[in-house]
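The next part holds the structures, each set out as structure tokens.
Each of the next two complexes has chain A plus one other chain: chain B in the first, chain C in the second.
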Partner chain A sequence: MKPASIQLDELYVQRDKHAKELRDSGKKVIGYFCCFVPDEIITAFDMVPYRIQGSQNKAIDQADAYIEPMACPFVRSCFNKALKGEYDFLDGFVAPHSCDTVERMYNIWCQNKPAPFNHLINVPHMMGPSSEKFYRQELDYFVKSLENWTGHNLDTGKLRDAVRLYNERRAVLRALYDLRKSDPPLVLGTEITTVLVAGMGIPAAKHIELVKQFIDEVKGRPLPQTQKLPRIFIWGNELDDIAFIKLVEECGAWVVMDDLCTGTRFFWEDVPETADPLDGIATRYLYTHCPRSNVPQTKTRAGDLENRYSYINDFIKEWVVNGAIFYIVRYCDTCELEGPDLREYLNGMGLPVLMIEDDYSTSTIGQLRTRVQAFLEMIG
Partner chain B sequence: MKDYIKYYAGVDIGSVSIKAALVSNRRLIATKLVASGASYKDAAQKVLYSVLVQAGLDAERLSGIVVTGLGSESAPFPARQISDISCQAMGCHYLFPSARTVINIGGQFTKVAKITPQGRVVDFLMSEKCAAGSGRFLQVIARILHVTLENIGPLSLQSREPVEFSTNCAVFAESETVSRIAEGARAEDILAGVHRAMAIKVAMLVKGVKMEPDVVLMGGGGEDAGLVLAIGEALGTRILVPEQPRVSTAYGAACLAELDLAL
Partner chain C sequence: MEQKEQTKTTAVKGTDMARKVRGLVKNIYRSAHEAKAQGKKVAYMMVSSQYDEIIRAMDVVPIPTENYAGLCAAKREMDRFLLKAEADGYSQVLCSYARIGLGFDSLRKELGGIPEGAPDGGMPTPDMMLGSSAVCDPRYKWFQAAGRYLDVPTYSIDVVWPPVDADLKAVRDHYIQYQKEQFQGLISFMEQQTGKKLNKERLWETIRLSDEAWRLWYEIDRMRVAIPSPMPAQDHFSVMVAGYYYPGMQEAVDFYQSLYDEVKYKVENKIGVIPDEKYRILYGGGLPPWHTLWIFNYFESFGAVFAIERQYRAYDPVEVPSSVKDPVEFLAWRSFLRATQFYEKARANSGNPTVERLLGMIDRYAIDGVVFHACRSCRATTIGQVHYKNILGRYTDIPMMQLVSDMVDLRDYSEAQWKAQIGAFIETLAGRSAR
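Take a look at the complex of A and B:
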């Protein structure tokens, strides 16, 4: 048996390999966007949830015939893969209204590359009780639509099991993140991204097994060099390629914490175990810390910022962060508009911020080097 | 006696030109600038050799080299690598100790940094992948107008009615320039208009780092008097420009080689 680190590396490179094998063995694979589609529900129907990703190292060569190039390059890259038939293995396609681009992409995708099952989940933008009710209702529609398509009713017992399973995965991933707290951290930022991305297309039980083995591997290996380097927190959206984090670490820093769609954002908080598991799921997913969502206003500027970002404050303190890098995939309105407020909040804590806008392409990495290097020289 | 003096070099490998500066005790001894061309390695070797020849030194007499700029990875000699933002800050600091904000308008990017009284970077911003705020924009317009780069500044200063550009995009500005020529606008008025449009872009970066005087302008943009004037007007402040604006980052790199700071 290969060591977990090698298996995870392979899954990171060939992200659809395992999903395709499962499909060939008779399983149904459901592809979805973003952090608002509950894996638990798909798993409870005995299907495999698959998080749709793009390719940062491949040019977008077909999608521009259908959508304007000033749309989000992450979504364009995903759609480009679909047009090339790389997502033909998906039995289902689910998009949440996470942002307007994803919501509209649902229609364009279904028009040009419909899967056997297609569904759009409406997600409210304000975190609060009325939204919880609304989103809970939307999840009912999602369940009904799956029931109609599969011909099976949702088994609440299986849904409860799925909630426990995914909470276990969350706990294992948090345990992995704990290894980044020491100085130097025991795991590199690039390794973390590899582990997380590798897990986006395999059943949770297998991912849990691999991550546990990986943690044992890490604990068993010699300590990294003890040179004192700045500890970086990365905030942004879709960073499903290790290239940028590798650049930061090569320039002389440890990437120790994140708030990314491909990082803590999708797994950090547990689903509360409620009498009706859908209630707990609705609450958990609605309160995902995505800049597309907003929180009720407190009437003071400081109160609003605290309300929105206190979880980041905890990350910064517990992981002893020296600087923050915002890595924003170009044309992501939600991140670009969230950036100034978050910068103000972090600067207020005395934390320097570097804001980078990139093209969801690894070919731009060289141009970013100067910026990252200057930032590390500034805080070093 | 001469053997006891220590010499340091800074080499700035940029996209348009490659520069070297030789210093001793922060005093500028020699400089050299060549077009970058297709081989950064050859050009970098050439400028370094040139400053040594000018000072009558062998390469062994160098006590340290810092290499910087977009192409610093391709330096053909062993050298410490430091980002051009830190180098421009240090160069600016020794040229103008009163400087707190430094603007560098280069061929590819415009960079703005806030610096401490010691020349350390506190905050910085760079123009994104956009030519409108960089020297490349001026090159494009100069080519259409058949004006050499050196003449852009003096010509622009003669303008009485600067043309108003409705776009901040270099690509659209190219076609807008052509339309204005067709409408009969004068070259000096077009250039002054371009300078104003660029100055607005640059001013936004400067305001982004919360400008503090004194403000220094370095890089190729500093050689363009029309641009300096427009930026000064856009920011409502006096702009200081070093004698050799294009080599000031290389000079900062040489100073950093001499200081041997832990950055």
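Take a look at the complex of A and C:
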């Protein structure tokens, strides 16, 4: 048996390999976007949830004939892969209404590369009791659509099991993140991204097993050199390639914590175990910390920022962060509007911030090296 | 060859009523300043959020911040606001309406008052900000971000529309219920801010006035099938001010009644926008280039008239069931019906409601070509244009063109490039008509 780190590396490189094998063995694979489609529901139908990813190191060479180049390059990259047949193994395509681009992409995708099953879950941008109720109803409708398509009714017992399974995965991933708290951290940011991305296309049970083994491997390896380096928190949206984090670490820093769509944002909080598991799922997913969701305003500006970002404050303190880097994939309006607010909040805590806007392409990342180096020198 | 900068921004209008719109625009900001001076509540808001009638019924004076951005562009007074927002950390690819609004608020805060020379006296400081998720994401995020400059109560609502492939019978009830609850949340917030309860009779009255204005506007657009075209798209982008910024007001009804009479007269007397109408163009979508509206006249110089448009013409009148007796529920129903009115047709044909709408226009208005405007900073109205063109191409062989710039940011516009594109487009139209 290969070490977990090698297996995870292989899964990171060949992200669809295992999903295709499962499909060949008779399993249905459901592709989905973002952090608002509950894996638990798909798993409860005995299907494999597959988080759709793009490719930062391949040019978007076909999608522009279908979608404007001023749309999110991550989404365009995903669709580019679909056009090339790289997602033909998907039995289903599920998009949440997470943002303008994904919502519009749904129709374009379905009309040009439809999967056998296609569905859009409307996710409220607002948060509150009526939004929770609506999102729950949207999940009911999603379940009904899956029931119609598969010919099987949802088994509530299986859904309950899936909730526990994914909570276990969340716990294991949080345990992995705990290894970043020491100075120096026991695990690199690049390794973390590899582990997370590798897990996006395999069943949770397998991912849990691999992450546990990986944690044991990490604990068993020699302690890293105790070189004093800045400890960095990364904030942004889709970073499903290690290139940028590698660049930061190569410039002389430890990437120790994140708030990314491909990081804590998708797994950090547990699903509460409720009598009807869909209630807990609805609550958990609706309140995902994402710039596309509108946290109701509190009375003062300072109170409002605290209300929106106190969870980041906790990250900063617990992981002893010295500086923050924002990596915003261009054309993400919600991140572009959120960034200056978060910077204000973090600066208020005395934390320096480097805000970067980029094209979701490894070909442009090299240009960022000087900026990152200058930032790291500044925070010493 | 040295290029002379084009400073003309506005278009020559085809109708007398369109020429009177400037007064309506000025009045938006004048009314807000007056209301503020009188101690009345004024609110930043987003048009087409389906809540306009509630704002009017609560006697809160709306300040449409997006319109202000368009106004700044038409007056070529946008740069200092755009640059200020960018200096404050907002990306150059972020919605330029939002950048102008944020830049304006930032400058006002920095200067301690309205920036000198701001168009139409600028926007007064609002008592509250009312965002919404209707149309696009920046419409609720913008006001959240504006909290940097304005520590005022802010409330946003969801406006939800199902996808075209949804089983409408299965989802209708929860969509309408949620919409109703979102409106109710807004009403509670506004009652708290204003200290007074919503008068439902007053809300019915604003709905009645609003629907009447939109009905008249719809009838006007139906008359525009006439050849020669009695009213061009550039007029539409002026007269929409009444429908979008004065809904629930008698002014809107009166305005459209007068416009109706004028267009009817022109149709009956075959008075066209230009003397020799050769080509009829459909403005297929995208926010108008507010910085360069004269471009419509440039098309006219080649005999091409924009006979109809999709942008700022979001829905036709809908029939809410008479069993609905509560005005808030009525608004929720109306929103749902407006959003889904082309779904059935789309499912039976092209699969896309926007394409259905465009196909209907191409047919009814005897369209010879379609022009889209892609705005670099507006994802909501731009993403999909290429897709619409692709699908339209399966049903019609008329020429289609996508011009690219931005709705207000002139840095994304190239006059030379546009003229070259327009020249080629006109040649294609001419080639087809010669066949």
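The rule we apply is simple: the second predicted complex is superposed on the first by the 380 of 380 C-alpha atoms of A that agree within 3 Å, B and C clash if a C-alpha of one lies under 4 Å from a C-alpha of the other, contacts with A are read in each partner's own complex, and residues count from 1 in each chain.
We adopt the following convention: a residue touches a chain if its C-beta (ideal position, glycine included) is under 8 Å from a C-beta of that chain, and two chains touch if they have at least 3 such contacts.
On a predicted model such as this, the values are computed, not experimentally measured, just so you know.
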Touched partner set for A:171, first chain B, second chain C, both or neither: neither
Chain B versus chain C as contact partner of A:111, first or second or both or neither: second
First (chain B), second (chain C), both or neither touched by A:370: first
Which of chain B and chain C A:357 touches, first, second, both or neither: both
Which partner reaches more residues of chain A (counting touched residues only), chain B or chain C: C
Touched partner set for A:378, first chain B, second chain C, both or neither: first
Which of chain B and chain C A:349 touches, first, second, both or neither: neither
Partner chain(s) touched by A:13 [first = chain B, second = chain C, both, neither]: neither
Partner chain in contact with A:59 - chain B first, chain C second, else both or neither: neither
Doubly contacted residues of chain A, that is, touched by chain B and again by chain C: 357
Chain A partner contacts - residues on chain C that touch it in the complex: 88-91, 93-95, 98, 131, 133, 136-138, 140-142, 144-145, 147-148, 151, 153-158, 160, 162-166, 170-171, 174-175, 177-178, 181-182, 185, 351-352, 374, 376-377, 379-380, 382-387, 390-391
Contacting residues of chain A [partner chain C, same complex]: 64-68, 70-72, 99-101, 104-108, 110-111, 118, 120, 122, 124-126, 128, 130-131, 133-134, 137-138, 141, 144, 291-292, 294, 296-297, 299-301, 304, 328, 330-331, 333-334, 336-341, 343-344, 355, 357
Footprint of chain A on chain B - complex, ascending: 70, 81-86, 120-124, 126, 128-129, 262-263
Of all residues in chain A, those that touch chain B in their complex: 352, 357, 359, 364, 367, 370-371, 373-375, 377-378, 380
